[in-house]
Amino acid sequence: MLDVQNLHVWFGQSHNRVNAVKGVSFNVPRGESFGLVGESGSGKSTILRAITGLIETWSGDVSVEGEKVQGSRRSRGFYKKVQMVFQDPYASLHPRHSVDAVLSETLRLQGMTDIDARITKLLDAVGLGKGFRFRYPHQLSGGQRQRVAIARALAAEPELLLLDEPTSALDVSVQAEILNLLADLRRERGLTYVMVSHDLSVVSHMCDRLAVMRGGEMVEIMDVATLRSHQAASEYSRGLIQASLGYERAS
Amino acid sequence: DTPKDVLVVADQIDDIITMDTAQSSEFSGINITNNLYDRLVDFDPLDMEAGFKPALAESWEVSDDHKTITFKMRDGVKFHSGNPVRAEDAAWSLQRAVKLDKGLSFILTQFGLTPDNVDENVKADGDKLIIKLDQPYAYSLVLNSLTASVASVIDKETVLPHVEGDDFGNKWLGQNEAGSGPFTLAAWKPNEQVQLASFAGYWNGEPAMKRVIVRHVQESSAQRLLLEQGDVDVARNLSPTDVEGVETKDTVKIVTEPRGRLLYMGLNQNDKLLSNPAVIEAMKYLVDYKGMEGSFLKGQWKVHQNIVPTGYLGASDDNPWTYDVEKAKKILNDAGITSGTIKTVVRDIADYVNVAQTLQASMAQAGLTLEIQQMTGAQVLDAYRARQVPIFIGEWGTDYADPNTNVSTFAINPNNSPDVKHSELAWRNAWAVPEDLQKKAMAATLEGDADKRKQEYLDIQQEYRDIAPIVPLFQKIGQDAMQKNVDHWNSGGAVASVYYRQVTKGE
Amino acid sequence: MSEPLLKVRNLKVTFPTRTGLVDVVRGVSFDLGRERLGVVGESGSGKSMTGRSVLGLIRPPGKVSADKMELDGQSILNLSPREMRKIRGRKISMVMQDPKFSLNPVMTIGAQIIEAYRQSTGAGRTEAKRKALDMLAAVQIRDPERVFNAYPHEVSGGMGQRIMIAMMLAPDPEILIADEPTSALDVSVRAEVLNIMDRLVRDRGMGLIFISHDLNLVSQFCDRVLIMYAGRVVETLAAKDLHQAQHPYTRGLLNSLPRLDQPVERLAVLERQESWRDEEIETQFPGGL
Amino acid sequence: MNVSDTVKGAGGDNSAAPAPHSPAPNGAPSFGSSALGRRLRLFGGLLLSLALTLLGLLVVTFIIGRVMPIDPVLKIVGERATQAQYDAAYRALGLDQPLWRQFAIYVWDVLHGNFGMSISTGHPVVSDLKRVFPATLELAALGTLIGVSVGVPLGVIAAARRGGWIDQIARVVALVGYSMPIFWLGLMGLLVFYGILGWVGGPGRQGILFDGMVTERTGMILIDSLIAGDWAAFRDAFSHIILPATLLGYFSLAYISRMTRSFMLEQMSSEYILTARVKGLSETRVIWRHAFRNIAVPLVTVIALSFASLLEGSVLTEIIFSWPGIGQYVTKAMLAGDMNAVLGGTVVIGTCFIGLNLLSDILYRILDPRSE
Amino acid sequence: MSEMTRREWLLSDAPQTRRQARLGALYQGWLTFRRNKLAMLGLIILILLVLTAIFAPLLSPYSPYAQNLGDRLKPPSAAHWLGTDSLGRDILSRLIWGSRTTLFIVGTVALIAPILGLFIGTVAGFAGGWVDQVLMRVTDIFLAFPKLILALAFVAAMGPGIGNAVLALALTSWPPYARLARAETLTIRRADFIAAARLQGAGPFRLLIRHIWPLCMSSMIVRVALDMAGIILSAAGLGFLGLGAQPPLAEWGAMISDGRSFIMDYWWVAAMPGLAIFIVSLAFNLLGDGLRDVLDPKGAKE
């Protein structure tokens, strides 16, 4: 479904240049859920943004369903296949657009018809009732906003969903709701996920395989069983896993 | 308060662009150069009635055929530079003005002087200056013309080193002076002030005022405040209400003199409506002469319906027209005119605009709509010179102390064709002046007998009133407000510019 | 059992809004001894507001009221600004939730720490600088000299949080209110920072109010936990008992966490009940120590 | 194995410490030659944009001069001129040349510091500007000084006491300054303070007695008289400038205090203000040392802009107070179609404007550590 | 649902229709605005101004053009409440009719300048690169160009008259708006919701108009309201130089300018229109301050 080879991403020019991602390769087959973990600033979000064309300065090979993409231009067709959910639900909704406006604009852009019916369906799918349709973002809680963002991503009926820490801005209780929703959607629609998170337990709950990032490089790719059994290949990953288990009071 | 030997004048002097008498044509500029230079003949500020008197020319002789005038130069007069004033200098000054062909040179060239013949026709011979004319002009016309600033006598030797190309020192003289007048130019800061210093070696005695400072003060209210506070001696641009306001102060007096400026209404004969004689006639009755004279023009303009201003030879005091809307209406109706729209372009000066608005109101009563368009001076002039102003409302100022100064522009139009681009007012209003009237105007310039000449001008004006589409409305009255202790103030009356040399300040 | 350092009874914080008055903290009571008191609860439950109201930091038009708010037996409710200033910093200090916005962007980090230190101790410049560098080192900043001269935008969020902690601990306060002090830290650094606070509580007898989202962390780090919901404390527990909590809200929070060691097919979801908002709860003072 | 040790070694200070292979990321301060190079390049860029803006100004002025239906020739030749005289002057001004040629000559002259002759004063534009610009500069500077010294504290206090009576008074004071036609205030001020009370000097820059008494160095009489140590002249000049400067100052005060207030409000609601309070700092210190320092940068820009607008925008004040300044000069020139003077004035004003912009840019870089 | 009051309906957290949502948002804004007493005062004054303009023929006791040279410069009296001017016209009537001109000025400038500025600023900020460079240089040039000169040139070129004067004002006052809009655009163009819209396939134009403009609008409106006073006064300034309204049209600025020659002895001729301008610009200022609270997210948080 998604194939990334030798991806480099940088920001700025010459001596201002920041190499955010350095030669990352991975491959996600259809229907899989793939996790990207790593500490803050390790380049996780950057990978997703490069794939979707939100960043121009990258090199390497990226192909979706065998179709290569280039630069920052993407066809309409690409967006019908690939969609993204952002980390911060407070920043990813236009403050002056109601839920209805957000969804209907998306549907219209995708060239869909019977927009009203579809909006109702979408809201249902993400567990928001009809009552939310005409609300503005400031009338929504974080979890509800994230649902709207997911609904917007689903509107194009994509096959691949890129999730950039979809729950890190949310409460634990709301996180559970969103994670359940994502899991349900995947099951119902056969979606493919690439999910970024710094929370290993979330990734372990959602993904089949995961890659550990550090300083723009991919330290290793492992499956969830390896993760749970603390058998990561690299020391770094093991440290990371250990630390995320909790705090041990020094004595 | 101002020092005893310094005269401080608040005036609007932002129009000065040059000190060169051959170029200067603006009121403020001439007000200054009048005091820097002397002319061959001049007025006596203490006795204006007497007319021109000998100045740098001690005496003159007119040839029998009235075509040659010989001046004898006064002896022992010195320029500010210390050079003696010679006939040579006088000849060079006049030649220079003709050849430069700027500003008011027509005052000289109207006597047949051209750049080609001027070296021949204006000549120095020892202490004599000989001027040859192409026609036997009335010698009063010629001598009156020589009182004009353009005929000032310039220090040739001082100027020559500053000549650039064929500019006759125009550039240098633009900002410097080389005269023999009662004052020297101490400083000129454009839009700010001009300072004159008395010339100790003046042939007619050093002026009492050691310094004269003319400050540019735009606003009437500001001038008034300065005067009331004693920071200036004279305020020259007070509005009528401000004059009324300061008049009551016992430290201030108002000196009133008629000036040679007419406020007139020009009706463009290219305009279909305005070329209708009935409309021309009716318009003369649609001006609320008395109303305006008594209100916003109060004290500063008087009704004057003739082209020669009071104070000039042959001036007429006949003011036959009155404000009579009914009469105007009748005239219009008789001619079958019940409505119409006309435009006027007026300069953005309060008096003009108010006159226009009053006219607008009374025309409305007669069924005529007047559209007023305010513009800057330059724009109005531009349009007027292009004959594109249907109704012109504005001023005309005389150029020299002879009735011909106005008659030649109001009543002469040698060729009314649109391409020739004359500057005469008649041409600008597209009025083809009847041959006969033009002939009379020409003839009057040649009439040697003063009384006859006067009568001729009265006749011309009579006829003018009857037929002309150019309607004089008011004559300017100068109201200069000053401290009581300022004596002998003279702003030049109707015929000349301001003189400072005779001014004294008492206690 | 010694007298509690801080005693709060029936604390209320009220904000006027377009739709009327809103109580964001509704009758919170607790005691703080020389201990680690955890405060957990979902976002918006009033944790930060509780912490801030102790220091009189609620901005107008917000209003604070309480039956009692005592520091070392002295009431600190409705103090004059001048008296309040004497308490801030040197007696009670607070680490703000968001390090990005909580440091003055145009002052160097060193200057800010020195300012805090000198304000409450009146120490000299050189001494203050030494102290500042010590504190930076203590919070595991690798290159204290460089960071001392750096501006806030030049450090990462994690460093910012540690700097905040260093700054607030510099005057040796009796009580530290730490509002999610470790949320921006990578798991690794987090342990070090917690160790510092831990040491202060144990060695110096500081009182610590530790506000956090992270139930696991709180249960492991703190002595006692207040669980807040909608502006009220719904349950108070000894930290070690957190996993045996009785209140359905607390249980719900716990269950909704995915766990690395115990995979579940589907996460439990918290079913909020209206009754939690106002039901009577009995709180024991001074807690279970 | 001890977890924390591993991680500390691995990347404790991750985003701040430069990774071995990558150059310093945005977050870390970098010193040395590359920073200097960047500064130089930045400065070069600023200069380039300054040059471009100036060229643009030239082009715009030129175009205005050519399309405007005000005939400059008439001002020179006067009302009486014959067509021949008119044509001669037309040629003398070079108006018969093709447009591109006129522009080329024009730019060439300007590059040589020659702005030509002003046809409305008969003086070289450069000498006119040397006279009128200092007059305006002096007035605008004093006006801004007054505006800043009252407006800034007023704005800060209003923000600190938001909604209180000081705030309300400050608001009304500012709004009155905003709303009153300055020429009306000017005339009234003259009437009251000069005409009735006699506290200040009248219209003009100096009293007659002092006119031309101080050697001109900067053209700003206040400064010149100070240099000369002539106190009487200084007092006289001060008594003349104080009223118009106060009026202009009042106008800029209105703007500055409003902007200060809104900047301060924004800062006062920031989190770092809470931090400062937590430290136990006094309110004065919180306001001035913390909040105020943060508004310094935008405030500098506001002040620079308001200063610039006084430099160009005080025409009416200048007219009322017979102040021979650049605003009046350029306006008059404009109305006379005197494009040389307009151009000269525009270039001076525009340069000041750009210069002030540049200055506030540079100050921004100095004052705000966040700018890189 | 039938018991629901209108207020509750408007303030509902869960609006049922697009209309309800929009009205609700407006109502909330109104509630915030209403709490600001001074802003309300401003609004009331402006409403009165509009009413005055509409009903000018009914309200004015005399024709604004009726002259009576014998009755000039009369102080306020029962016959002429605000006195008469130099041509004997009733000042009150001229003020009333002049409100139309004032509204025209304000309305036109407020429509043209901010929209022009918004367009240029957002395009520059959003496009970045050389487009930004070029547009910002142009903005700088216009900003650096003495405003009055530009306006004078424009009026001179187009011919005097209130319409052209207003156009000239509009054309000279857009640069600050462009800068404001650009700054605003720069802060939001990297926002996630813009990125999200991009991922839906929204083109640059749609992003600009549907996503960026609405967010710049509020600061624009606030700024415009605060600038209104300046606009009226600038128009008055042009009137002072004789380039504003053409006689006999009543325009406040021109009235002051006419009255200044009588200021010493007949203060009311200039003071009355001055007072009118003052009140209206004060009203706009107060309104602007209030709007800031409603619209400007930064100012709103208390």
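Order as written gives the chain letters A, B, C, D and E; numbering starts at 1 within each chain.
Note that in this section a contact is a pair of C-beta atoms (placed from the backbone, for glycine too) under 8 Å apart; a residue touches a chain by one contact, two chains touch by 3 or more.
A quick map from chain label to UniProt name: A = Glutathione import ATP-binding protein GsiA; C = Peptide/nickel transport system, ATP-binding protein; D, E = Peptide/nickel transport system, permease protein.
Note that the structure is predicted; figures quoted are calculated from it, not measured.
Colleague: If you tally contacting C-beta pairs, which pair wins, C-D or B-E?
Modeller: Most C-beta pairs in contact, of the two: C-D.
Colleague: Which one chain sits nearest the middle, judging by mean Cα positions?
Modeller: Chain D is the most central one.
Colleague: Hey, how far is the Cα centre of subunit A from the one of subunit B, in Å?
Modeller: Subunit A and subunit B have C-alpha centres separated by 88 Å.
Colleague: Cα centroid separation between subunit A and subunit D, in whole Å?
Modeller: The answer is 50 Å.
Colleague: How big is the gap, in whole Å, between where the Cα atoms of subunit B centre and where those of subunit D centre?
Modeller: 43
Colleague: How big is the gap, in whole Å, between where the Cα atoms of subunit A centre and where those of subunit C centre?
Modeller: 32
Colleague: Show the residues in subunit B shared as contacts by 2 or more other chains, in ascending order.
Modeller: Within subunit B, the residues that touch at least two other chains are 219, 221, 225, 376, 379.
Colleague: Which residues does subunit E have that touch at least 2 chains other than itself?
Modeller: 156, 241, 260, 263-264, 302
Colleague: Listing for subunit D: what residues touch at least two other chains?
Modeller: 3-4, 6-7, 10-11, 14-15, 69-70, 187, 191, 195, 269, 335 - these are the residues of subunit D that touch more than one other chain.
Colleague: Note which residues of subunit E are touching subunit D in the complex, please.
Modeller: Residue list for subunit E touching subunit D: 38, 133, 137-138, 140-150, 152-153, 156-157, 226, 229-230, 233, 236-237, 240-241, 253, 256-257, 260, 263-264, 270-271, 274, 277-278, 281-282, 285-286, 289, 292, 298-299, 301-302.
Colleague: Which residues of subunit E touch subunit B in their complex?
Modeller: On the subunit E side, the touching residues are 65, 67, 69-70, 72-73, 86-88, 156, 159-161, 241-243, 246-248, 258, 260-266.
Colleague: Where on subunit C is subunit A touching in the complex?
Modeller: Interface residues on the subunit C side: 42-43, 156-158, 184, 186-188, 190-191, 194-195, 198, 213, 215-217, 220-221, 252-253, 256-261, 263-264, 266-270.
Colleague: Flag every residue of subunit C that touches subunit D in the complex, lowest number first.
Modeller: Counting only subunit C, the residues touching subunit D are 52, 55, 57, 59, 81, 85-90, 93-94, 96, 98, 101-108, 115-116, 119-120, 140-143, 147, 150-151, 153-159, 164, 167-168, 171, 186-189, 191-192.
Colleague: Which positions of subunit D touch subunit B when the two form their complex?
Modeller: Counting only subunit D, the residues touching subunit B are 69-72, 74-86, 88, 118-123, 128, 131-132, 187, 190-191, 194-195, 198, 202-204, 207-209, 211-212, 319-322, 324, 328-329, 332, 335-337.
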